[in-house]
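Take a look at the structures listed below.
Paired with chain B in one complex and with chain C in the other, chain A is shared by the two complexes that follow.
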Partner chain A sequence: MNILTDVNRSDRAPRAACTSPVIEVRRLRKWYPVRRSMLSSLLGVGEQRYLRAVDDVSFAVHPGEVLGLAGESGCGKSTTGMTVLKLHAPSGGEILFDGADLATLTGRGPLRDFRRNAQIVFQNPYEALNPRFTVLRSVLEPISIHFPDRRTEYEALARLAMERAGLLPAENFMHRYPHEMSGGQLQRVAIARAIAVEPRFLVADEPVSMLDVSIRAGILNLLKSFAETLNMGILFISHDLSTMRHICTRIAVMYLGRIVEIGPTDQILDDPRHPYSQALVAAAPVMRRGTRRRIHLEGAVPNPANLPSGCRFHPRCPKAIDRCRTDDPQLHAAGERREAACHLVA
Partner chain B sequence: MALLQIRDLCIDYRTTAGTARAVDKLSLDIEEGEYLGLVGESGCGKSTIAKAVLGILPRNGAVAEGDILFRGRSLPHSSLQELNRLRWRDIAMVPQSAMNGFDPVYTIEAQINEAIDTHVSWSREQKRKRIDELFAFVGLERGRAHDFPHQFSGGMRQRAMIAMAMALDPGFIVADEPTTGLDVIVQDQILHRIKEIHTRFGKTMLLITHDMAVVAENCDRIAVMYAGKLVEHGAHNVFETPFHPYTMGLCNAFPDLADRGRELISIPKAPPNLLTPPVGCRFADRCPFAAARCRAEAPALVEVGPGHVAACHFIDRAAEFRMKARDIGTWQGAAAAA
Partner chain C sequence: MAGTQSLRSPAVAPSAGVASGIGALWRVLRIIMGYPTGAIGLVLILLFALMAIFGPMLAPQSPFEVSRTAAGGVVRLSPPSWDNWLGTTNQGLDVFSQLLWGARVALTVGVISAIGSIVLGTLIGLIAGYFGGWTDEVLMRITDVAFGIPFLPTALVIISITGPSLALIILLITLFLWRTTARVIRAQVLTLKTRPFVWAAKAAGASEAKIIFVHIAPNVLPLSFLYMAIGVQGGVMLEAALSFLGFGDPHVMSWGSMLNEAFKAGAMRTAWWWVAPPGIALSLFVVSVFMVTRAYEELLNPRLREI
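== the complex of A and B ==
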């Protein structure tokens, strides 16, 4: 997007060839306790069970990279996004920002620094913005919180963020209220607000699924350009693999709280190795008819509060063998820069 | 004669701000045994057409002009009783959200039986056998027919809705965004069932969706709507050689899983306000190829190939437009010019 490069006045160092991750999570967990019946909690019998929304998830996002987190509803992809940002308290595991574990960061300073550097764009822009705030006020809010000593620059920073988000010219939008704008414009306001504090890591949770096809591309290209020109690391959460083809550098496929496969976008989409990724890729409709082979999956996604033994996917897997019913497969190397959690993938 | 003939149809919605013409002078035929896909973005009027066909327009909406003929019979001019006789038996619908399609306080079986009882007098045995067949076809366990809608997942509810639509073997089925809100794998299974209704039972189908890959994969014919107008209509390969710049724009904006390395291009600006539609071509404001004529005069649908029509003043330059439309600069130029 040339609009962006024109206004790109970032003084940040150019992208290094080999960088350390901006965010890394190791064995991240988010378990929700399942309510027990009154009788068993009164008597203190039966053990506390958990809904394992995110269960030992590990990945890293590098600067300039868009990592896609794909999966069906309920697989834990949004919970992962919220937990990585510490909007949900993790039940276990580590979150490393610039190599430092967030759990060990104490005091307001370091955590506030993380809050500024890690931002989020939500799915529904109609609900993400305060209807009683003008656009300018929405964009100014994070700036005034995170840059308290740069008061004189506030409006310039807000203007820059709006221009970077493609709201051109910024003056035309600053004094509008959300109800005066279209969904695509609102999503750009939400993006402007997120990037106004110059974050290095952005979580985009289904940022285009509420928008019409003709304007989706603009938002996607915008996010991609942030990775490319501002060197931002982006975690792009979506159920739509077709969209990921065009924006993501790498894709992680989630099923029932676990990453089952992770690797470079084209490799995952052209040659998925895990049977679940294969089914997911095969289910996406394509423009050229007759070029797609359907895979039939049995049943539905099981209840995450009552997980199957062994591999979580085995009850639906067309290729399951005996070992899958007892042994829980871990992510292991499956080709160059690729990992899969399947006993059948060597 | 086509099974469904839509003739110069105009549908108005009364709003507090004035009258919005959601569908404007739209003509479209659906032949017996055809599977038509109607695509367009939100607010283009595609669902309004489905509602008009079934006579379920909201209170503030009405057919202002034109006609919809089903087997030669006018639907907007039919009485409620006449419409009720047609519904389920001749025309059935698979609605967008199957959650709202069922009454929460009755079992699925009771609701399918109700639809059957309204039209025919079958014995209990006949009804039971029919539900056996229907559930087997849509892939639901027979025992689940005694469940209430809330005990079903979204995908199962949509399967049950298809079963109900098929109950009286209607000739024409309208599916309005039948898979919106469902997961990809479930969506694929549902679309596969709907396609089977067409291939196995030879039903005439109208599928309304915003997903271009879904229509390209499933339908025999494709119609594209924009701001209440039909802009292009042709065979299933319309997206391979589009003639209307809007169709070209949609194709370039739509992400395709099978398409590596293509740049996505959005269409600048937004559709026109239907309370005050422009006099000329409705797409002119967003079209990178628009000329003075486009803003002054609305283009009519013209034939561009066998069974393929498009509403553009410059269909003879379509090949050139198609080339230019693949360049992101072309569209940004349109945004800057306005």
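== the complex of A and C ==
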């Protein structure tokens, strides 16, 4: 376990600020067309409506940084992660990898280069691996695709990735099938596959939410160590603020396809400015004696195919004013290195 | 333990498949042997297979060779005797020999058209399910049309235009059988393609061909094999139906054409030794395939057992 670095909260230096981002998205959109009736689409009557899963989302992930994407179920966190990796085709906006827009890069070469450098770890480790592949074959897949001329080193590269992912000794796991392993082990295999080609950007889509509490810390420390030692930029998607405090450098809070607040972890969690972030932070359980103010949100999350006018949070916002009903607030500076999308936050 | 493992999730259980070769096939066969009906069915199918392979060598005479008495007369419509174990037809042909030769024709048609139809159906299902959109729309509408075509009238018209041959019959049966496989495989692909391991392969940079054939196809193959088994049975029956109607290949003797000859001779009610053997062989073959596929289906879909 020597690869795992210990959690050291004071070590969360904002080192990312001076380097250029490994990945940046600008006004990223993923809209799904809502199916119209055959008649109205034939006649061209009625308006094509869209489910706005991701709606004008912008952020940047720097090398060595873990950016948290927080929000409740259905707010578009996972869709954002998939769209950033171009696993879903974006409906609009730009994805910049190393400063170059992926849409303008043509040909297989650049996309291949992006695929090598941007990998993903999924929530459900039981579904993340092909049930018919041995562990070795799963880990070898990206290696064989991206290093076709290093055939003799394949097994050594796979072993290195597995050891980095904490599967020690690698020989004990290589020839197993997924159904012979535990959830924590499977997640480490999924991580080994993701880092086998040494990507510079990793999307971690709720990587610990299906694991036992007892093994979560190990996986989180592992991801954190990749950011620190391999200088990887990580987009960490989760609904669990306590794990985010553990691992994230910065946090972006999402609500209904939008980022409503973004800033350094401690500031977002200890002093949320946006009313939705405040409610989200207040809802998270804390291990502390004493009373705490809870914020109860009224109503349910609106349908993302039928968004409210103005600020999309206003129907549930305890602080909504008249302007919120008509004006859609944009992200703007709300203190040092943080931004919020709320009329009440200056 | 292979049995309990494979029952966990249908169609993707690692040990239920044939992808990992002979070992997996052997495991599946052993599980099927565990069901009484599966075991009986497998033994019967094995007997039919042996009959198809070695039958013509064991047959006392060719299916078109006329039996004669010592005096040179034709042995017409003789009941079972020492010389003709299952009797003779109205033209003096040996029924037992015809039955043995017929097994080869039946299984050839059944197996080739079943393989052809699952290859075609699986490919169409994979492509339609994986690519979706217009590709899916076009392929599935073609499948709908295929579902609307009645086999016998269409086959009879085509055979009467081009003339009967075994190859044409196999082709027609193949083109008739693929449709169900295509639908079922497509549905399976639709659920598989959104599984994280497929996304991960995509993120790893795998080509679409690789994703379809390396990641998705092996996970639908167990279902394809189920439909192949069902297809063998369908192929045998359809060939028998065509032959019975007199549209079979006149150069070979199949169980269907034996029944057709008996019918034309007006011997259906009188010469039981002529009618019963092909009839029983057909029924027994269909039942044995059903028993095996039923056991295999339960293996793939454990929920069936609760019914």
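Following the convention adopted for this analysis, the second predicted complex is superposed on the first by the 328 of 346 C-alpha atoms of A that agree within 3 Å, B and C clash if a C-alpha of one lies under 4 Å from a C-alpha of the other, contacts with A are read in each partner's own complex, and residues count from 1 in each chain.
Assume contacts are C-beta pairs under 8 Å (C-beta built on N, C-alpha and C of every residue); 3 or more make two chains touch, one makes a residue touch a chain.
No experiment lies behind these values; they were computed from the predicted model shown.
Judged by the touch definition given at the top, the superposed model places A:D266 against chain B, while chain C stays out of reach. Of the two partner chains, chain C is the only one touched by A:Q119; chain B is not. Shared-chain residue A:A333: touches no atom of chain B or chain C.
Contacts of A:L87 after superposition on the shared chain: chain C is touched, whereas chain B is not. In the superposition on chain A, contact of A:L220 is made with chain B only, not with chain C.
A simple residue count on chain A separates chain B from chain C, and the partner touching more is B. Legend: residue contacts after superposition of the two complexes on their common chain; A:A100 is shown touching neither chain B nor chain C. According to the touch criterion, chain A has no shared surface contacted by chain B in one complex and chain C in the other. Of all residues in chain C, those touching chain A in their complex are 5, 8, 12-14, 17, 19-20, 195-197, 199-206, 215, 218-219. By the touch criterion stated above, chain B contacts chain A in their complex at residues 41-42, 153, 155, 183-188, 191-192, 210-214, 216-218, 236, 239, 249-260, 262-268, 270, 332.
Here chain A touches chain C in the complex through residues 82, 85, 87, 112, 115-116, 118-120, 122-124, 127-132, 141-142, 145-146, 177-179, 190, 193-194, 197, going by the rule given at the top.
Residue ranges of chain A in contact with chain B, taken from their complex: 2-3, 72-73, 182, 184, 212-221, 239-243, 245-246, 266, 269-270, 279-289, 291-292, 294, 297, 300.
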